[in-house]
Every structure is written in structure tokens, then in C-alpha cells.
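Please find one structure pasted underneath; my questions will follow.
So that you can tell them apart, the chains are marked A, B, C and D in the order they are listed, and the count of residues begins at 1 in each.
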Amino acid sequence: MEYVSPEGLRLDGRRPMETRQLRAEIGVVSRADGSAVFEMGNTKVIAAVYGPREVQNRSQQINDKALVLCEYSIANFSTGDRMRKPKGDRLSMEISLVIRQTMEECILTHLMPRSQIDIFVQVLQADGGTRSACINAATLALADAGIPMCDLVTSCSAGYLNSTPLLDLNYVEDSAGGPDVIVGILPNLDKVTLLQMDAELQMDTFENVMQLAIEGCKAVANYLREILLEHTKKLESCRGV
Amino acid sequence: MDEKREDGRAVTQLRPLSCTRNVLNRAHGSASFSQGETRILAAVYGPKAGTKKNENPEKACIEVIWKPKSGQIGKAEKEYEMIVKRTLQNICLLNVHPNTTTSIIIQVVNDDGSLLPCAINAACSALVDAGIPLKYLAVAISCCISENEDCILDPNKLEEQKMKALVYLVFRNSIMSVLDEESTQVGESIENGIVTSVTHGVMTVNNYFQCMEQGRAAIKPLSDFLRKKLQSKVQSDVSVAG
Amino acid sequence: MESKPSNSLSSLIDQQVFPGDVVLDLSKMANQTIKLGSGLRQEGDAISVMKAGKLRFAKPNKYWVESSHKRYVPCAGDTVLGIVVDSKADNFLVDIKSPTIAFLPVLAFEGGTRRNIPKFEVGTLLYARVVKANTGMNPELACMDASGKAAEFGPLKDGYMFESSTGLSRMLLNSPTCPLLETLGKKLAFEIAVGLNGRVWVNATSPSIIILVANSIMKSESLSPVQQKIMVDNLLQRVQ
Amino acid sequence: MEQRLANAWRMTVNEKKFIETALLSDLRIDGRRPFDYRNLTIRFGREDGSSEVQLGQTHVMGFVTSQLVQPYRDRPNEGTLAIYTELSPMADPSFEAGRPAESAVELGRIIDRGLRESRAVDTESLCVVAGKWVWSLRIDLHILDNGGNLVDAANIAALASLLTFRRPECTLGGEDGQEVIIHAPEAREALPLTVHHLPIAITFAFIGDENTVVIDPSHFEEAVMGGRMTATLNANGDICAVQKAGGEGVIQSVIMQCLRIASVKAVDITRKIEDAVKSNNTERALRKIKRHPPSAVVDVIKAGQKGADNLLEENMEKPKQEIEDTIVSQSDDMDIETRSSNQNESKPRIDKNTSFIGGPSSWDPYSKGVNVDELKASLASRVAALPSEKMDTAPPVEPRVTVTDPPLTSTNAAPSSEENTGAGQQTNKEKTLKDAVKPKHKRKKKT
């Protein structure tokens, strides 16, 4: 199948190096300490953060840093085929783990010893790149909750189809069976914290694709920063400063 | 009795045994035991502080976890777990470390019949390796009644499938170093004691006693084997210490 | 009845014994006091074995089974290496590889008062002495000797701690010094602390020495004295 | 609370600090350099598709089973492959029985992704009747001893099991020609799987403030590491999967450096696996030929018969004598090797051999028997063989003191079919010695 037309356009009309339209909203769950909705094209994810609060299961308490927990779920209505998935399957367990470890890296956990931070993410609409969207949403929600972080973590995926590196794959491109590289970076420190890849890829191609994904992450980071700035301004004006 | 079995053994012949202790690094005690192609790996952790719910905290608690070679643990494995647990509870001195739990994990590496006896032998060796206080060692053997009423020792899988009835026997090991006649007598009477006997299928009482006799005859060589295998490590220690 | 206890006795000492073996007959040794060490228990008139190992006898009347394990059964008077796992108002909780966690009273230091309670973070390595070891109770430690002096007890800074077996620890503590340490000590300068609970701590000026010493100790577990010496010589040769 | 404290495995501040400081001068606590892999040993079980992998102190057992099932609707002509990993409570005091923990799931997923997404196993060849019957493969990975870096070890175990697995041949028959007939392996040779390439997982750990990179972390290093990255590559240098699930951030150039190192190691390990499989196949073929000598079972013990005592005594004496031997001669490389060849030459030696490794032998025909003997021995109880030999002869090392050696060696590497007995034994010996001493050269000098 042709995923990139001779004119260099992808199925949804994007250029290979183009991300989908990004949209984010902060403060969508009123009960949560921090929350956000993040959209990449048709992929839509909601994240809510509770904490830092007292550790609920005392046996899990860590004496010198905060305990970060993460629960990932995907809504049954989020995909085309409405399959009822059992809760806690291996895939979502893995994604929960990945999100937790990624977010843990940017949270300054040593500032909040003996406390617990819960991150809940749910995929509302899945159209490829859900993992990245989850991480971006979680970052916004953490920032909204006012949890100290060393940097924003942003994530973006990239693939390689028809010998072209493609940024931010959608569902059709994702399920084409080509390689799929998901990268999560700390944009200010310029460090890669999350890196996942499937399927075969030559090493130099991999480098290019990863580079592309990192560029995507940076673009996302800029957008997130704007959104956060806007949100802060809004808060300021609410307070009448 | 001269009849040979399919694998060429005589009816009272055991398969080649092998036993190695301290095969794992992390476990507090471990042993690998094999009888012919049947091989079991046993690991011991403990004694660990605290007992499980519903266990008597005034005694040590024994926990047995059975790991099948493939797939989930089923009813048969649960039964094995229980038999092994009961047997080990009998050979362990439970009042030395009260309110502790000792976990024994049994991993089936290969099953070619006589699985349970092999597991008990392995578990017992692992307990010795871990230095858990024991009253005595257990030696386990299985014995089955074949179609033609032969009583055969240490059956392999094929024989187990064809058998009419099967009995797993666990005896107390024979103690080599009895002091004088008086204690010899004591030793003997205990030695004959059965720790565990589990039967499958129908057999006549006579057959059962026949199995028992055969099994009993195997105690001596089995416990000599265990002695030989389990001492090696200590021996090397001592050569160091000396 | 006409057996000779003395005879069979001598034959069992320094022999391999196994759980269930009867090593002493008390009815034959009236008017004698004997002391039983680890691995032996009394069952009526018979003293039987509960751990596999070598039966040892020390004059005048001590019997015990010598064996090597990865876990440790506390015994009063032993020096051990413990890891602080938590601190409570009265006690530090210390892991010494025993079935239950050991208590180290916060005052059990030289000149310890309520005022000068030391602070140990979790994971601190301590060289301590077992003071009490009774069944059913948590063992108790102290960081001072019987006369209340700090001696060498207390926290160990830097260096590297590794776990071995109780047998190896005993070997290292044996006097005369085992050939392993002797040979190493002639060529290298290092500090070592050995806990009877099967933990060894090594410190030296450079990490390479620590690694060398630690690895040669770990490897010496099953070597004879001569083998130890040869191994160490070879190691040293290579390094130099 | 207190119970949990008492039972957990923990590290001291000293250890953590030392691992980090030693790494600053490129040293690791087990004597390795940052990019040294631990010693790798691959053994195979008697049954097809079972393997045991030992990577340093890490020990993993893999086992493949197959079953005819209905295919998934969206892939009617492809067989399925499922990987089950469980951190057995045997492996580590902190592992508990029951529901798989997060780390077990991640472990399974990494291996799963490496194997499946890169299409290493030809699943289409597992199809029997499209849409109706396909073979479903199940790989069980039992973690037996956690010495760190479970991913790599489990991945190798999975590959080794897959390579030696054979599924029974089946044909269509019956009245309507739709019935599946499964042939017993005795009737028709079972078929090996088609494996296109071997995706090898190589794990790196990032330790300390400086983010020092080390390959193949031990469990001590895993306890202090800030992050971990697993790269799955095949021998062609293609990247099949990468997993760096959060943790310490690293710069891009370090990632690429790791990948390049990984591709070199992958070639190494691929060769090791292939060698091991090859020698296993030869052994297997031999076993087939020698199937007839009335089964390989022999008694060590004849219960209740006269012979028993003699036999036993003999068995008992031999090792003792041997111990003396070895101690006198300080059990050295030479010594052990000569002994091992002796074992196969003289009758009493063989006898003794039996008692050690459970290989049958005292029935007469060596000419026929020896090979089978060795096969069984090596298969049934390599592990057993190894340490028990060691213990009986009081040689340099306890099994658990295994320390690394940069050049990986697999046990099964060599044995040519002819001198199978000797070779197998010797490889064992060699490995023992390598294991024995951290830098093996030191040891060898002695000879």
C-alpha cells in the first residue's frame, strides 16, 4: 500500500515531517488536583493527577521519596471495533509501567518523601500514538497539579513507511506493520527518557527516525509550554493580579 | 522376579539417581534431584519472619509452592503441594523457630514418572542445604503394581500410565551412626515408620504390603545416596576450615 | 548394653552427621555436664542431630555441628554485620540475616544516653555484637563490648559489603589466620570486617583492591588452604 | 510491617556507593569492565523445545509446547505464538507467587515484541487448515535464579527453546479430507520451526550521576541503576525492538553508542546459540540411532539384592579416593581434564561417572552405550553434573561464585559427535574453571 503519495503527501494529507493538529485543555476534571485533555489529531486522552497525598497502602511507602502510581486504561468506545477488553491485561499493565517510569523521572520525588502521587490516564479516542498522547496529557496534568518537576516530558512517535520517515503516525499508518518508534524526551535537558521501538529497522535509518521523533517531541514541548503559559495567565487574571 | 521391564530394569531396580545441592545463588537453600529422566529443582527461602494467616504462630510454618513445567497450576499440583507440605511438616522441627515461615518452591524440570517422590527427595535435600532444623531426612519412593501383578519400584511415566495401582511412600532415612544397641533398636523401629503413604488405584492388601516391603528395601540405598551427596559440600567446607 | 560409648563417640566426632543421627547417649554418661551447640537437640536420653554437617567437640564438654548456610541463627556473643532497616524510638531495627529482625537499643553505644542518640540512615552497615538470642524473641545487638567500650563496633563507612556463607565467615575468622587473608595481607593494604552471619566488609584505598580482595574471598569458599594460597598468588601476579 | 522489613532483600549504602565509585574507574564489583557480558551457558533438556540458560548467576528455563487451535479471525492462516513469563518465587526472595508483577509483564512484553513484531518465527508455516486449525506455540519462561538482567537471559532461553522445538507432523485425512491426523514422532519425524532470524536482547543500565553505561547489569547494579535500556537486534544489525521505559534520561549519542555495542554482542550471542543448537542436534540425531540398546536405564541401586551393597560401596569409595587425588594435586585445569578423559576410558571410572551424573552405564555395551550415556548425562543433568563433580572433588569453586568472563562461552559449543562423551565432559570442565576464576587467565597460568 502507498502511504506516501508521489507528491510527498500522506494519507491524511500531511507532509512526512508534520505532526497532526495538537490541542490541549487544562483543568477538565474538577475533583482532581490536576487534569488535562490532550489531542493529537483524532487521538484524545484525558489525564488526572491526585496528590501528593498520604500513602494509602502503608507498606508501599518510601522513606526518601514520593511513590508514583499510574493507571492506564482505554475506553471501550475508543477504537473502531468495540471489543470489551478485560481490565489489567498485559498491554495496559506495560503501558502503565512505561508511563509511570517516564513521569517519575521528571517529578522531583525526593521533595515529597512518604507521599503518593496518582496518575490516571484514559484513552478516549484512539487513532495511533496513544502512548505519546498519554504522556503529554500526564505532563500537563502534573503541571496543573503543581507537582514539582525538573522538566516537562513530552513524547511523540515516528515511523518508517515507503522508505520515508514519518512523524506522528495515525492508526492506519501505525497498523501498516512498519517500524514504530516512540520517544519521550526531557526537552530542556535534551535527554531521552522513553524509547520504544518495534519491528525491524536498519541502524542508520533508526537514527534518522529517532531524530525525527525527537524533533516532534520538541514541537510538542513548545506547544505544551504555550498552553501552560496561557493557563497560568488565565489563573492570574482570575485572581485579578 | 527376573522379568525385565521395558527399559531393561529389574523390578526392584531404581533409575540412576543424581542430586546436587546449592545450585541456585539467591535461594537460601536449593537442590536438584533426578531419578532417571525425572528432574526436580527445589529452592528454600527461610526461615522468614511471621506466619501466614490461619497458621499457628507458635510453630514454624511450612509453605510449599509447586511450579509445573508448563501452564497453570491445576488440581493435581495442588494435591502434590499439600502432600509435600504435610510430609515436610513432619520432618521439620517446627518449634525451633516459632512464628517463622519457610517456603519451599518446587520446580518440575522434567517429568518421567515418580514425580512426587522425586520432589520430596529434592525438597528434603534443599532443606538440608538451607540448614532448616530437621528431625530426620525423608526418603521417598514410588512403587506400582503392573498389569501382571508385579510390584515395581520407581516406575517411569510409561509404566505409571499402564499400572493398575500406585503407591507413593515416604520413609524416615536410615541413620548410620547409631550409638549403641539400645539406640539401634530405637532407630530401627523409627526407621520402619512411614511418614507418608499415598495410593492411587485399587490394590489388594497383600500387594500394598509387598510394595511396602520393596519400598523399605530401597530406604537404605536411597539414604546412603543422600548422605553421600549432601555431605560433599560440608566436606569441602571443612577442608577449608581445617 | 555393653557397648562402649567412649568408643563410638570418638568415631562420630569430626564425622559427617545428618538429621536424625543420634550422637550421644545421656544414659551412658551420668554425672556429666555437656554443652550443646547449634545443630544438636536433646530427645529423652539421646542427643540427636538436626542439621547436616560435621560433629565437633571441644574440651571439656562442648558439642556442636559445624555447617555452612546462607542464613544465620543468632547466638549470644557473636559479632555480626547488620544493615539498619528502620529506626524506632527505642531501637534500631537491624537485619542480620536471622529469621527475625534484630533490635539494637539506641542506648547500646559507648556512653550512650538519651541525649546523644546516633543517627543512622536506612541501609547503614553496622558492626555489632549479639547480646541476647532467645527463641521467640527478636535478637538484641549492642555496639559495645561486654565492658561497655565501643571497641571496634559501630557503623562502617565506605568500602564494600558482600554476602557469603556462615562457613566462609568462620574460616576468615579462624586463628591462625587463614592463608587467604595472610597472603592477601602481605601484598595489599586493606581493612576487613567479618560478621559471623556471613557478611564480609572490605575497604581499601582504591576500588580495584577492594574488588580483588572481595572476589578472591568469595571464590575461596570451597578451596583448601593450599589452593587458596595459589589462587591469591596468581591473582596478585596478574595485577602487578 | 516488621515482617516485611525482615524478609526483604536490601542493599547497604556502602554497596550502592561503592558500585558507583568503582564505575568511575571503569570497574564493576564482579570484576567485569563496563562492556563485558557475563558468561553464558546454554543447555538443553531431554525433550525437544526445552532449554536452560545460565547467564552469570541468572538462571532461566525455557519450554515450548504446541497445540492445535482455531486461528484468530483476522489472521486465518497464521499460527500463534504466546510467551508466558513468571518470576518464580524461587528466583528472588521478593518475588511472590500468584499474579504476575509489573516487571514480569514488562519482561514478557519485551521478549514478545522482539520475537513477534520482527517476525522471527514463521507463523504462516504453522497453519494446518486455513481458518480452522493452526498450531499455537506457547513459550513458558521460568526464572529460576535472579542474578540480574532477566530480559537477556529469558530472551536467549526463548530462542534456544524455539530452535530446538519440534512439532509433530500432521496431515489431512479422514472421510472428508478435513480431519487432521497428528503423527507420533516415532512414525514421522517431527518438524522444526522455521525461524528467520534471531532477535537478541541486550540490556544496558545507566548508573550514577554520570550515567555510566554498563552492559548486562547484575542484580546489584539493577538495584542502583537510574535507568535501563534493552535493545533487541539480530546478527545483521537490524534493530528489532528497543525498550527504554522511562527512567534516567540519556542523550541521543549514548543511545546510538549502546546500539552499536549491542549489534556486536548480538553477533556473538547468535553464534553461541547456534553452536549450542547445532551440537544439540547432533546429540539428538545420535540419540535416535542409539535408541535400541535396551533403554538407557541402569541401576545405581538394586534394592533388596545382593549386588546392591557392593555397588554402593564402590560408588562411595570412588569419590573419596578422588577427593584425595584432587586435593593432593590441587585440582587444576590439567588435572581435571585428564580425569575427565579417564572417566571414559576405564570401567570403574565410568561407573563412578554414573554415580555423579546419573548417566547410566554399568550395563555392558559401552561401544553402543557411551554416547547415549553421555547424551543422557549431559541432557538430564548438566547442572547436576557440574556442581556435584565440583563438590565431590573439592575443586576451586562453589557454583554460586560464578564470576564473569568477557568472552562468552557456551557449554555445548564444541562436542563433535565422535568424541561426544569426552568433549561434552571437557567443555563442562573448561567452563567450570572459567567460572571459577574471575579473570580466567590468572587461573590458567598455574597450569
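Here, a contact is a pair of C-beta atoms (placed from the backbone, for glycine too) under 8 Å apart; a residue touches a chain by one contact, two chains touch by 3 or more.
What you see is a predicted model, and the numbers here were worked out from it, not measured in a lab.
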Pair joined by the larger number of C-beta contacts - B-D, C-D: B-D
Geometric centre: closest chain by C-alpha means: D
Geometric centre distance via CA averages, chain C-chain A, whole Å: 53
Chain centre separation in whole Å, for chain D relative to chain B (CA means): 27
Euclidean distance of C-alpha centroids - chain A vs chain D, Å: 38
Per-residue multi-chain contacts in chain B, two or more chains: 48-49, 233, 235-236, 239
Chain C residues counted as touching two or more neighbouring chains: 99-101, 221-224
Touching residues (chain side chain D, partner chain B) in the complex: 2-3, 6-7, 45-47, 50, 52, 57, 59, 61, 63, 65, 88-93, 97, 138, 140, 142, 144-147, 219, 294-305, 308, 312, 315-316, 319, 323, 327, 354-360, 363, 376, 380-381, 383-388, 391-392, 394, 398-400, 402
Touch list for chain B against partner chain C, complex: 28-29, 46-49, 91, 93, 96-100, 128-131, 133-137, 172-173, 175-183, 186-187, 226-227, 230-231, 233-242
Contacting residues of chain C [partner chain B, same complex]: 1, 3, 5, 8-9, 11-12, 15-25, 27-28, 39, 41, 46, 50-54, 66-71, 73, 99-101, 135-136, 167-168, 170-171, 174, 178, 220-225, 228
Complex contacts: residues of chain C adjacent to chain D: 83, 85-86, 93, 95, 99-101, 121, 123-125, 156-162, 201, 206-208, 210-212, 214-215, 218-219, 221-224, 226-227, 230-231, 234-235, 237-238
Partner chain D, residues of chain A touching it in the complex: 58-59, 90-91, 93-94, 96-105, 181, 184-186, 189-203, 206-207, 210-211, 214
